[in-house]
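Shared between the two complexes below is subunit A, which has subunit B as its partner in the first and subunit C in the second.
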Partner chain A sequence: MTLFKKELLENWRNKKWIWVPLVIILLSIMDPITSYYLPQIIDSVGGLPEGSTLEMPEFAPPEVIMMSLSQLSSLGVLVLVLMSMGTIAGERKSGVTELILVKPVAYRNYITAKWVSLLMLVWISLFLGLLTSWYYINLLFGDLSFVELLQITFFYGLWLTLVVSLSIFYNALIKTPGLVAFLTILTIMVMSLINQVFNHVLEWFPNNLSSYILDMLMTDQLSTDLIATACVTMILSIALVVASIYTFRVKD
Partner chain B sequence: MAFLTVQDLTKKYKNKTAVNNVSFEFKSGQCIALIGPNGAGKTTILRTLAGLLKPTTGSIEFANEKGNSDIRKFIGYLPQYPVFHYWMTGREFLVYSGELALLPKSEAKKRAESLLEKIGISKEARDERISRYSGGMKQRLGIAQAIIHKPKLLILDEPVSSLDPIGRREVLQLMEELKQEMSILFSTHILTDADEISDELLLLRQGEIVESGSMEELRIKYQTAKIEIEFERDIEAFAKKINDLPEVTASNIERNTLHVTASDIQLARQRILEAASNENWPLTSFNINRASLEDMFMKVVKD
Partner chain C sequence: MEAFNWGLIAPILVIQGILIIVAMIDLIRTDYTNGPKWLWVLIIIFVSTLGPILYFVLGRRQR
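The block that comes next holds the complex of A and B.
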């Protein structure tokens, strides 16, 4: 608990509680807004040549919220990885852990305090981001119910949870923050590659969460695939944290 | 009664043995100094005792404690280069350390306050970020965080090496006070510091204890005392006489001073002084020069 409070205070003092939500909000609303205003934007930069017509596709609200998610999946994940790359590795590298770990601190608490505090930051940022996006979608594109927003946040949050857990795992393993970030991103890329190659076998692979979320919005019902994938993602995340605690303990 | 026993402690890294078969005992209330050149394994031993490293073989046992209980609660540790959470204030960091050491919050606050007083951090500085502290203040804060939970054993890694003379004095004084309350184990390469506050010295070379004992014991053991005699005149003649004494192993003249080494310094002294008084030698000075700490250190650690 002490460790957890320290994490919250630290993330507050180093302004993570300000910039991470802002970045996530920005990423979430960028695509919906630019797609809506695309015709005006084209006009203002000179317009199209005479005679050519631009057929603007009509976006359904679910498609628009998926744009937000796809931004978050690329840039958002990158931001989260960069933000969390030093949470343990940096402390170890600087040597501050020497003072912490000689106290009767359980390694379990040390890791989970980091994990939970990061998750709190990520989930709240995600919720704020999607909430803003949802607001603009309702304003500009059409109805998307609040319940759907909550469902999207929940299922997509699981994906980000996995990203954070992955980052924590590499943090426990390696002392260099840059390498932690690199390996985390590499792993995510390899996972998406595996997903594409073995798509027909791995139906519940975590990377499929987004597409199942889209299905859910289109068909208006929770598919078993979605729930199973969510479970797999959760189990993987928890397994990663347990593995982190274990590797952290056996280290030297 | 030893309250801490270190038995055959060995720490190996991939291809290097940092600490080799080190054994020693710690009596309650003792202050032990680990002395050795850089790379002798001092830090490794301290880190192992603090629980930051696992020994490759060997054991560290506290009296009255079962094998697997968490010994960290009895230990306070200050690394050579302590790194803090610089975004915290001095007070916050101490309270935080106290809570990590399982003190209840109110108790941690009280301890923090009294320690800040004790280590002499001014009222204004207590609520400043640690990033603004001077080196001496950080070192004292480091000691404070190490003793916040009143450990039985305080481990300090080179506590004064990086400080200026004033900071050094302050920290040594603090250690002198702490000796009353707990056992202290510290490493240093500055012999005078070790001499000043420790009861016992452990001299390390390449991961092994090459010599141990109290300062006095070591002095006697390594005493290669020399007698230095000055005469008003005729120094060569007297040199010859002294050289003929059976106890004297060597003598040589440097300027006006005769340097004499002897197999038995007490006896040689007696003989020379007897002769001097019987034959009325024109002595101007007679001096027994004890081996300095540095000489002893070099002798033990070098060969």
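The block that comes next holds the complex of A and C.
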């Protein structure tokens, strides 16, 4: 518990509590606003050639929130990975870890304190980001119920949880922060590749979460696929944390 | 063309402003950064949005 408090304090000191939520909010409102102003933007950069007409697509609220999510899946994940790459690896490099582990602290507590404090940060940021996005969508595009927002946040948060767990796992394995970030992103890319190739076999692969979320918004009901994928993602995340505790114990 | 609604864009500008200010305060208060301090000042102020993020991710030295 003290370790957890120390983590929270540290994340506050290095301003993560300020900039991560802000960046996530920025990322999630960028797309709704730019797609709303697309006609004006085209006009202001010179407009379309004479005579050509471009039908502006009318976006449905679910599509817009999916834009926010895809923005978060690319840039958001990148930011999260870069933000978390040094949590353990950096501390080990500078020797803080030894200072902590000299005291009677279980490796288990050390890792889980890191994991939980990061997750708190990520989930709160995600919620704030999607909340502002939801506000804009209701303002500009149309209704999206608050319950739906909560569902989206929950299921999408699981995906980010997996990303954080992956990052923690590599953190426990490797001491160089840059390499941690690289391997995490590489793994995510390989996962999406696997997902594309074996899509018909791996129906419950974590990468499918967003598409099932879209399904849920379109059909207005929770599909078993979505729930199963969510479970798989959760199990994978927990497995990664357990694995990282184990490797950390072996390595140190 | 309807009037451009600044109220919608304002939050983005505010968030960017906060990011810049927080990054600057942090930069002034720390003693060591990766790379020269004046360079970070330029990056934070002139590279919009990305500058402060870059500073937080790369510029702060792990203690």
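We take it that the second predicted complex is superposed on the first by the 251 of 252 C-alpha atoms of A that agree within 3 Å, B and C clash if a C-alpha of one lies under 4 Å from a C-alpha of the other, contacts with A are read in each partner's own complex, and residues count from 1 in each chain.
Here, a contact is a pair of C-beta atoms (placed from the backbone, for glycine too) under 8 Å apart; a residue touches a chain by one contact, two chains touch by 3 or more.
These figures come from a predicted structure and were not determined experimentally.
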item: Simultaneous placement of subunit C and subunit B on subunit A, clash or fit; value: fit
item: Partner chain(s) touched by A:L26 [first = subunit B, second = subunit C, both, neither]; value: second
item: Which of subunit B and subunit C A:I18 touches, first, second, both or neither; value: second
item: Touched partner set for A:L222, first subunit B, second subunit C, both or neither; value: neither
item: Subunit B versus subunit C as contact partner of A:T2, first or second or both or neither; value: first
item: Contacts of A:G90 with subunit B and subunit C, given as first, second, both or neither; value: second
item: First (subunit B), second (subunit C), both or neither touched by A:A60; value: neither
item: First (subunit B), second (subunit C), both or neither touched by A:Y136; value: second
item: When both partners are placed on the shared chain, which of subunit B and subunit C touches more of subunit A; value: C
item: Touching partner for A:L99 - first (subunit B), second (subunit C), both, neither; value: first
item: CA minimum distance (subunit B, subunit C), superposed complexes, angstrom; value: 5
item: Touching both subunit C and subunit B, counted on subunit A across the two superposed complexes; value: 14, 94, 96
item: Partner subunit A, residues of subunit C touching it in the complex; value: 1, 4, 8-9, 11-12, 15-16, 18-19, 22-23, 26, 49, 52-53, 56-57, 60, 62-63
item: Touching residues (chain side subunit A, partner subunit B) in the complex; value: 2-3, 6, 10, 13-14, 94-96, 98-105, 252
item: Partner subunit C, residues of subunit A touching it in the complex; value: 14-16, 18-19, 22-23, 25-26, 29-30, 33, 36, 40, 43, 79, 82-83, 86, 90-91, 93-94, 96, 132, 136, 139-140, 177
item: Sites on subunit B touched by subunit A in the complex; value: 50-54, 70, 72-73, 75-77, 79, 81-85, 87, 96-97, 99-102, 142, 145, 149
